[in-house]
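Below: the structure, in structure tokens.
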Amino acid sequence: MEFTASQIANFINGRIIGDEHALITGVSPIESGEEGHLSFVAQERFAEHIDRSKCSVLIVSEKLLTEKTYQPTIIAVEDAYLAFQVLMNLYQEMQGRKSGIEDGAVFHESASVGENVYVGAFTCVSEKVKIGDGSQIYPQVFIGKNVKIGKNCVLYSGVRVYDYCVIGDNCIIHSNTVIGSDGFGFQPTKDGYQKIPQLGNVILEDHVEIGSNCSIDRGTIGSTVIGKGTKIDNLIQIAHNVKIGQNNVIAAQAGIAGSTVIGDWNQIGGQVGIVGHIQIGNQVKIQAQSGVNSNTKDGEILYGSPAINAGEYRRNYVHFRNFTDIVKRINNLELNSKDKTNE
Amino acid sequence: MEFTASQIANFINGRIIGDEHALITGVSPIESGEEGHLSFVAQERFAEHIDRSKCSVLIVSEKLLTEKTYQPTIIAVEDAYLAFQVLMNLYQEMQGRKSGIEDGAVFHESASVGENVYVGAFTCVSEKVKIGDGSQIYPQVFIGKNVKIGKNCVLYSGVRVYDYCVIGDNCIIHSNTVIGSDGFGFQPTKDGYQKIPQLGNVILEDHVEIGSNCSIDRGTIGSTVIGKGTKIDNLIQIAHNVKIGQNNVIAAQAGIAGSTVIGDWNQIGGQVGIVGHIQIGNQVKIQAQSGVNSNTKDGEILYGSPAINAGEYRRNYVHFRNFTDIVKRINNLELNSKDKTNE
Amino acid sequence: MEFTASQIANFINGRIIGDEHALITGVSPIESGEEGHLSFVAQERFAEHIDRSKCSVLIVSEKLLTEKTYQPTIIAVEDAYLAFQVLMNLYQEMQGRKSGIEDGAVFHESASVGENVYVGAFTCVSEKVKIGDGSQIYPQVFIGKNVKIGKNCVLYSGVRVYDYCVIGDNCIIHSNTVIGSDGFGFQPTKDGYQKIPQLGNVILEDHVEIGSNCSIDRGTIGSTVIGKGTKIDNLIQIAHNVKIGQNNVIAAQAGIAGSTVIGDWNQIGGQVGIVGHIQIGNQVKIQAQSGVNSNTKDGEILYGSPAINAGEYRRNYVHFRNFTDIVKRINNLELNSKDKTNE
């Protein structure tokens, strides 16, 4: 990264206060700015940093500017947060995507790839795999047979995709996530557990992002489905036959048990557990560490294990915290009651 | 997969109602049948699908059949669920297992493999490793020195087995699971934590299945052991020196801390935590998200964190849900009591 | 491993009782000793094993010795536990570290490595990577561009380090851990979630150890930092922008949400969740499965979800366990009260 203040101001349509030739070679958070770096101030509570920052260039929201000059070079814009995001997105796109098949990738002759596809070293692409235009498969990835991967996907190093899984367009899958491992299905017999074959697959629709070290199990017969635009954090368990709708966000270490159906626009907190075979509506919020064990309606906010209405949980938890006092009050009441009886 | 109705009927000893030449090329869940697919109906509550399904062929339990003909071709059997399982198992076996060492696998000269072993590309087999007949080691697996793997095992892509670990016969280990990483053992000193060497290993007995992204740590001196027939889901932590008996099922994201001993035929729910150095009996059921911090006897059913008898937990939790009302009742009692005192 | 009793006695400055030529080829836990193995007895409660052990040689604390001779050969020392640790550390160092670049590693020409570095097969070392003297990179590791790895580190098979991350000296990272995957940052729009670029990195300071299958996300703009001497178990989530101080121990399956700041010498239990944007002091102990949702002061001991003072939580939980009885007492009080009113 190497830009001048005026180049940056051009990208985001900003007004320069200071040195238009100021050079930046990196970005810093505002609290720990470094010389030669760019940062931004979009909120009143960070305004004190504007004149003090060691950064060479700051993007600042107009409304926060009160002086004529500042120590760093300022690029004034209407919304500094938005402008910074735009800039960072631009920067990432400018980085360019790799293309070509690196030496050392193993490629089955029946596999087919689109244009501008990158496949890294030590990646295995099995028979009949299809990879769409512009997709980037990093080194050391495993792609099982008959897998379909859409356009402009990124699969980072160490991702494993089992046979027959389907990945839509514009999906991102981070390192060491496993797509399509066997669902946990066994039939008890008196001699032990008998494996139930897991013959389905996993379908990720378009614009799905999955973090690192997740496990998304294949369906028993049909598909485990993750809907369009749903974003999944790290270390998450999605069991077999789960159907997740569109635009959900699921935080790290959550787990969803088998055959549960989840609607759209839900927010599922970290370390949440959802039991199998239930239905979660739309726009539900589930607080971190909750355990959901029954159907939920649209718009509910849940907390606790088992999860109940979050407001109710919090009120009850306040009483739980005072439980020792409450028991003392009951003791007193009993004493009084006895006293009265003895009177 | 391509079979006719009569081929399938033969496999499972069924009676055809309809077109014995009906061709199937896949399987579907009954709720979302597809033309050319096979499904099954074994329960009354799915019987409505029998005549409506888009599947070309259905396996149906005799007792659910009331009509002379149906829209799809029917294969009537006594127990459709069982017949379907048998068929799917047959199908999986027919798929055949790969054999041979693929180009690009690294194989130490002192390693030895049995007959019909498959080792995929970019897999490392270290010195003195032994792999039994019929085992399948997928690409990109790491097998440390002196590891022993039994017969007919499957290790999927990205599995890591550290030095000296032992895997029995007929074990299945899914992608990116780690067998034998160091136990979490450190001695505090005033300058920081000093690592305690972890010199033991992990032993998986026969017929163990482990899901994806699990961590099974090696023993400090002796072995971490997972007993015969125990099945472990995804993202599970088994700490050093843990001993797990036979035929347990452990659901996703559970964690078992160091040196705990677990008996046979237990059911451990998702996201359960079990502290170190305790004993779990046999046929214990632990509800999801529970935290077990003391020894348990055979047959106990546990819930909560810390876990108590599950029925007791549920009853108390009902009161917890009503806690605000309960406190109001106490307030009233106190008011009454004061009133009386003031009378 | 092959040593005589007298060699071992020399290493740890011990006194032999028995056969100084006794040969040992392995180590066992004292409860399950094997012939030809070494073990130790440091505590009174294991003293019964001294004369009965099948081990050929035992290291025993002087104060536990009461007889003139024993069945196994004894090496008497002041503190058997300490002596055994010293010995095991010596042994591990004697094993030697590998060095050299194995065939099949991919090495960018702009990468540079120090002396006595080992890089295993199928490992990718990207452009401008620097690896310090004596570091050991196992097979099948991915190291992104501009990554810096210090001296004497060990990265086990399957570790992934994304671009620009920095690893200090003497760090150990176990298999399939991911360093530097994207933080979970999205902006909601009416059409779905828009990805916020994650342009920062991860910094591990010196003497950090991280278990297997962990996810440490990169900072959004700045760095996610894990301080000197901090030890992290398996399957742990560290979100973007988290700052962890020195000498913390974090047990398996814990998760720390974005931008939280953690001090020094804390003990964080298994499956603990810590919300984002809070501050944890120093020498705090957080019990397993707790959910911490507010700032904590130095020395606090926390338990529960949400976490409160651990002693308080335990006392209240005793009442929770008796909740049914407590409600009966309230019922009785109400009955009495009514009786009195009716009197």
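A, B and C are the chain letters, set down in written order, and residue numbers restart from 1 in every chain.
Here is the rule we use: a contact is a pair of C-beta atoms (placed from the backbone, for glycine too) under 8 Å apart; a residue touches a chain by one contact, two chains touch by 3 or more.
Just so you know, these numbers come straight off a predicted model, no measurement behind them.
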When chain A meets its copy chain C, do both sides use mostly the same residue numbers (more than half shared) or mostly different ones? different
The C-alpha superposition of chain B onto chain C, two copies of one sequence, needs a rotation in degrees (nearest 5) of 120
Cα centroid separation between chain A and chain C, in whole Å? 25
Would you please write down the residue numbers of chain A that are in contact with two or more other chains? 104, 122, 140, 158, 176, 213, 235, 253, 271, 289, 305, 320, 326, 330, 333, 337, 340
Can you name the residues of chain B that touch chain A in the complex? 27-29, 32, 39, 85, 88-89, 91-92, 102-104, 120-122, 138-140, 156-158, 172, 174-176, 207, 209, 211-213, 228-229, 231, 233-235, 246-247, 249, 251-253, 270-271, 288-289, 305, 317, 320-321, 323-324, 326-327, 330, 333-334, 337, 340-341
For chain A, which residues are in contact with chain B within the complex? 104, 106, 122, 124, 140, 142, 158, 160, 162, 176, 178, 181-182, 184, 186-187, 192-193, 195-197, 199, 213-215, 217, 219-222, 235, 237, 239, 241, 253, 255, 257, 271, 273, 275, 289, 291, 305-306, 308, 312, 315-316, 319-320, 326, 329-330, 333, 336-337, 340
